[in-house]
């Protein structure tokens, strides 16, 4: 589930935790990915819309927002849909939250274009 | 667009603004509803998933979260889908954000059941 | 300084702290009011604009926002100026923050009208 | 673990979730209480200091803050220690966060005194 | 209005949006600048005080805070007034929010001194 | 008190304020360190647990979080205790807050190992 959604970025997080909090990598695999994302009742496309919106609105988790913008593309969201989610955050969390989310998306889209 | 999504709750907000900031009601109709929700590129179901997630994650806008939980039902989200969005917020914004969102949903579901 | 800005509301906070954290009332009188508000370099009108904006944008301090909306009136801000500050927060913190700020202002304005 | 820390309040939350999101009660028992609080490496007293501080600083989770102020007393924190944690939040999250935390504590202390 | 307030920084944001969300640049020109800043009822000096305070208190929008510190200077706020606004945020949003705001201001002031 | 807790980092902050807001350095020495940390009623170990938890949960003050992770080590918290505090924040503020806190800790631990 982690690999399908997050691709290499998920593994990078697990690796980075190895020397400081390896148990936390286990929790990350078990609770968000084992428990939550695997649940029926909301498809993974809907789950990524929710996560991208939440992280952009919070504005405190840019690295994780980038991971989930890439994950959104992995599970079938179009670039345009991701841009629409981020633009909509101007209404609920203000223009700076939307702008910073759009600039994060631009960076992810560019990295993928050059990969 | 406001009526379709927010139903009576949207009109109530516009009315409440009448004696203090009537121009703000105009902006509310124009920018979020006229400009953003009317855009192609993301269907209204996806837009409500994003809004419910963002408001639950922020945790500072309970009245607006309730309006959008009702709006989510209006545009075709099931109760189970809304519950899944809110549970998922535990991962990104913590268990209290998810719990407070679930309690808001319980209140909206009950009001609709007794209507 | 506290009396001039906050009126009775400031004294009510000091009283409420008496049985749980009396020293905190002292800090409240010393640091925000003794140190910060008494400084030259920004007039008290500008200080209240800043505080109303910050508390409305944060969205986590409704009681204090109401105290400072009343304080803003005490130091010479007009109702219209306060409404403009709150509406502007839609741009920076989202429409729900602005709406909840406007509803707090409506409550303060009404209490003063009936006093 | 839940019973030891949260007492009746923990069970009340589990009950409230029963008709809307019973699985979430399971996650709540498993991840925070089964996984995190049960870990060695930080005693439960230190864990409650951390939780009270975090919830007061965030300012978006008053019901959960009250539960953890009571839980702090259950695991051996004194009222004075809890008041000190909350006062200290003025430094890191502002005076309103500290004030609102102190008022939540006053309510919990009073309920326990009258129980 | 954008040019008067934000100078070159506003145009840079519009340009950066061109290849990812050009419509968002239009919204940015229309709603914050066309609708809000152009309103009578609060002068532009008061509006910049409000915005600098809000962005510093939120702590999630450093690039936008820097743009508005420069905009504040453009509309006639003195450096000392801006420093006072930011110091005051220690009271409402904590010392870290004030410190990070002051360090953002120091950067803007230095860039202008060397321009 | 500042020197004992923050070591060189505290002096660096005071120095950085010298040319923009020297009075703010005075407030920083007086209120957090002179008034709050010096109070009896909670030991400095408990105070650092509270501060690390709050700053990690807020997610808006990475430089200050790093200073207090180092301060926690200075007053006797073990690396493992700090890691446990940060992991626990996943419950209250979400996994991204915990992850970003853990990565801040990893950086502080490495700097100290190479010092």
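In this document, chain identifiers A, B, C, D, E and F correspond to the written order of the chains, with residue numbering beginning at 1 in each.
Here, a residue touches a chain if its C-beta (ideal position, glycine included) is under 8 Å from a C-beta of that chain, and two chains touch if they have at least 3 such contacts.
All of these numbers come straight from a predicted model, not from anything done at the bench.
> Out of curiosity, which chains are bumping into both subunit C and subunit E?
For subunit C paired with subunit E, the chains in contact with each are A, B, D, F, in label order.
> Between D-F and B-C, flag the pair that has more C-beta pairs in contact.
D-F
> Taking mean CA positions as centres, which chain lies farthest from subunit C?
Checked the centroid distances; the maximum from subunit C is A.
> Taking all residue numbers used at the subunit A/subunit E interface, answer same if over half belong to both copies and different if under half do.
different
> Once you find the CA centre of subunit A and the CA centre of subunit F, what distance in Å lies between them?
The computed centroid separation for subunit A versus subunit F comes out at 28 Å.
> Taking each chain's centre as the mean of its CA atoms, how far is subunit D from subunit E in angstrom?
The answer is 37 Å.
> Would you please write down the residue numbers of subunit A that are in contact with two or more other chains?
23, 27, 31-32, 39, 55, 57-58, 60-61, 64, 83, 87, 89-97 - these are the residues of subunit A that touch more than one other chain.
> Have a look at which chains touch which and call the overall pattern line, ring, star, complete or other.
complete
> Inside the complex, what are the residues of subunit E that reach subunit F?
The touching residues are 58-60, 83, 86-87, 90, 94-100, 102-103, 105-106, 109.
> In the complex formed with subunit B, which residues of subunit F make contact?
Interface residues on subunit F, with respect to subunit B: 57, 89-97.
> In the complex, go through subunit C and note every residue touching subunit E.
Per the touch definition, subunit C meets subunit E at residues 31-32, 36-37, 39, 41-42, 46-47, 49-58, 61, 64, 80-81, 83-85, 87-93.
> Quick check on the complex: what are the subunit D residues that touch subunit A?
23, 27, 31, 35, 39
> So in the complex, which bits of subunit B are touching subunit C?
Residue list for subunit B touching subunit C: 13, 16-17, 19-21, 23-24, 27-28, 31-32, 55, 58, 60-61, 63-64.
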